[in-house]
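We call the chains A, B, C, D, E and F, going by the order they appear; numbering starts again at 1 in every chain.
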């Protein structure tokens, strides 16, 4: 239970990151076997913003943001700061000042399993945050924790250097060791979806092209022309 | 407990629908005796969108969207697809592909007592949805259910062919058998509200024009000039 | 338990109000010792709106808005109407008509520990409201309560004539007797924050300028160059 | 939207009721194709109590219990009173007096999509209630509604005369038209479960007797002897 | 915003307290005009426990229990300690040690708008607590606040020396200045309820003895013999 | 993202387990630096039950319990089965049958980040479970996942073979690598608490023996004899 800050972490190859940056959360989550998704309680404060970058993790005691200050120093351009707390918390753990410092460090965005404040200013700065609450409730700066330890955020495991993708649908984590397989699988999924979109565009019906008529039959779903036919068969 | 799909339903007269399309949710809900309102947990993903059309209902098992696929086929232009689940669910039951298919069928919008995903794309398509959550969590396509059976969505009863009106205030159901009375009653309410607005515009006070001074007296509400008068009377 | 309406209340000096109008909720809340903040469940219906004015309070029975009508009459230009209920409630206690009446009286905005309806129209009118829910559920106009009695709204105490400041972060109450000290303390805080912003702008790091390195040491937070050094020390 | 009270309803055959009384909620819910279950938010106030009887339904306006009083009169021995509200509500809609009246009428228990009060006395009387909240918040007796109209309670449809079964697991509705098929299906399920219990008792393993090894294989679930074997295969 | 501890407060006359001790929460709440009730989220950890005593109030910063320690010293036999926090909190603010200290001081029970821990031991000690959560999450002892300042707990205003009554239904506050009127009104209510119980016992029906038949008529509630009569009238 | 079952895991030394079995959740959580605590939403179904044993983990897809069946086979006497889902879920993932099978395998109890059913029977069997909900909603047995992979349950990280302690206060995880230090630290904490209890027993006051008078002074908390002294100083 030694508290610590790890100053340097392994980050994914920028080329891989830029390929993931083309993808969206739902695609990647599905492609990697429905894993890595954070809770829908972490909502974006800005619409139409997508971020994709390596996780720097900060584990704070509930209501104390000391470790966020410690994390700022080790963040690098392109990083995503993932903040979680020990103990439930919706206090405003970050505000305008911390966000300004993060922007100065080149951080892309924040994912936080707590609350934030100064939301108007943060929106004005165009800085994307996924959070559980907007709440002015203040914090102290006195309790130790961890920077770049393995963490749990929004119910998902995040290790430092994992890839974080976040958009309007939420936040997904790609583990360092799964980058390659997740990317390939995502690309295959995209291709398949393109194909499906084309079918829909041509007016094909999903019960046909997904072969669901058989499933419906197996599940004993009966088709009636109208309500009177149903009543007749009862 | 036979599972089924009813292919053809009775839809309200287009002329009646177009008259309801002028009305808003709160008016219709009040006009029909405070009935038919869905829970406020179903929120719109787009502001300033109103829809008004006949309900096609899909009852799915929680976490499975097979019956939504079955429903697509029976939807017609102008319909509103009302989706509910057996068992509590916030998974992303519909996404870009299903929405594209629904748009292709001319469906106006979706009301869903579960979650959705690909929300950025759906907003871009301008397709209105009322939902409990935005959540990438995926679904299977394997479990039977019902299309166009009487359903419960957001705590309200919906029968296929009932009229659904949804706007920024939420969602209301007008039962087929109440269309005429609900419409007339709504129009009367609108007239009364116009009249009230005019009074307000002229600077009249609601305690006067609603005759509430008597109610306040009957409820033993006393008027004091200021706090000192209150203290004096204690 | 006498129910009453107090017609005239003491309002803060306009000059003081105009100085508070420059400040934001988080600053004032912190400056007055982390007091006076309402729950984050009261959310604004409009972004980028800030209000600052004296509180007129209305205490209603849950699901009844009689006392809101009584309150309209005693509101003056620049006031903020603070509405709370006895008993939990998310019904739509105010809608377009009441808002029109409040605008007519010059009221700046509403803070309500319940729900509202006609939200599209209220947004169109540009009238700011902080509320727990958007919900058409209607109310009666039959039950007595209080106007300008001391109230609890969003968990915070509000006396008539207290100053209400509300923005995207939420709502804070400045008690009449704390106006001067809260204002001075807020201004000092602003100056300090300006100074901090300048430091950040120059690239200084918060663990340095806040003197947190010592706190981190006292909390036994150890720095490692990288993960291998951590593993080595275990 | 005519408000009404129906004085006499068709109740299921007492012989069928007594057979259902042997069954539990989870069994019946599963047996009838996972339908008819109310939300888990309706919790019992007494442990180890099971009730089984015909539904008398009362639909009240939120915060008003006039229709509960109207319902008392039409209840008969063995009935279950199912109370729901129009509009969300957790007020204490029933207390000691109403429960005493219901006991006097021979009512078995209450299922209520709102709150109750006097819970200590109701427990003392041994009267089972499934409710969303214990809350003293009072109600009025002034607003009309329905007795023995089709209702929605805890998200499930209930028609007057449907069979209600409630136990520690929650509440399930058996529709009048499904009584026979639901009963037979439940009995078959019980037999199957007895058989499964015997297998478990003999030490058989469910992945074997349910034939799940094949499913696991189809789902690409691999077995490793221990963690080192896993690491070896990565 | 001076933080303080007031050492001596005015407590109600013991004779009045002992009369209130005969009453229950719902009765007193109703008798004093439906006021003073705390939220139903504050639930008892022990069934069948009722307490009635003067409030000592402690206002803590969220996650810090320094002021509870300060409060212990000023508590006297028969007191009820009412704890609230500035900022939302469910941490375990009190546990076995604090409860032991409170028992030593003769305190009757605790009402806390946060969480507690060591609940098994506290139950074993038979010490009644009304709380929002059981949660081990720890607290610090470093932040100043108030003892015996006017407070908001569970949404209700509590001044030091107000009478707190708590039972299985929840918690109600009787303000010092309302003790006499609330007591008399409660006694009248009890008498009326005795009378009503006797009527119910004799088999009288509430729609009769409350005179509700007229209300039902005024609300246009129609009586039908059975469903067929309803269908006939549609 | 290979799905797998690990058949054999390293379990803590039985001697260490039996020493932890003397400790309670709050003590261990505090002793290991406020880490390892699960959310308070996981509540015990039985009071006064404590369990302490090695974790076998099962990660299921939401609404599917295939991997629980796979887990049964690898459980050993004394184990605690920790079940979590991918995607939010409150369905009844385990019931009487699975519990019977677990008892047959000697499993001590279950910690589940979802729901359960057959709660009356499970209580009757005296089998302790910590769960988010009691809900009959059924599950499928068709989707692959993991047994004995590192998991997140109730917001806490659990690796197979970690020690789980659960009592009325909730659930705490002791990581395999922290067993020794956590045990020693817990014992020290117990001794300290014994000492504190003795002080309380002797009538000493915590503001004295914790040295909090200085903290109170540093926090500018002023002591007043009574309210009049406060008013005088304002």
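Here is the rule we go by: a contact is a pair of C-beta atoms (placed from the backbone, for glycine too) under 8 Å apart; a residue touches a chain by one contact, two chains touch by 3 or more.
A quick note: this is a predicted structure, and the numbers were derived from the prediction, not measured.
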Partner chains that subunit C and subunit D have in common: B, E
Matching chain pair for C-D (criterion: over half of the contact pairs shared, by residue number), options D-F, A-B or A-E: A-E
Taking each chain's C-alpha mean as its centre, the one farthest from subunit E: A
Label of the chain whose CA centroid is most distant from the centroid of subunit D: C
Mean-CA-position distance for subunit F and subunit C (Å): 37
Inter-chain centre distance, subunit B versus subunit C - centres from mean C-alpha coordinates, in Å: 30
Cα-centroid distance, subunit A relative to subunit F, in whole angstrom: 27
Shared-contact residues (touching 2 or more other chains) in subunit B: 3, 34, 37, 40, 87-88, 90, 135, 137-138, 142-143, 234
All chain pairs that touch each other: A-B, A-C, A-E, A-F, B-C, B-D, B-F, C-D, C-E, D-E, D-F, E-F
Residue numbers on subunit E that touch subunit D, as the complex places them: 24-26, 29-30, 34, 37, 40, 43, 47-48, 167-170, 172, 193, 196-197, 200-201, 203, 205-207, 210, 212, 215-216, 219-227, 229-230, 233-234
Subunit B residues touching subunit A - in the complex, by the definition given at the top: 2-10, 66-67, 69-70, 72-73, 90, 92, 95-98, 100-101, 104, 115, 117-120, 123, 133-138, 141-146, 148, 160
Residues of subunit F touching subunit A in the complex: 1, 3, 32-35, 37, 39-40, 61, 86-88, 150, 152, 155-157, 178, 181-182
Subunit A partner contacts - residues on subunit E that touch it in the complex: 62-63, 87-88, 90-91, 135, 137-138, 140, 142-143
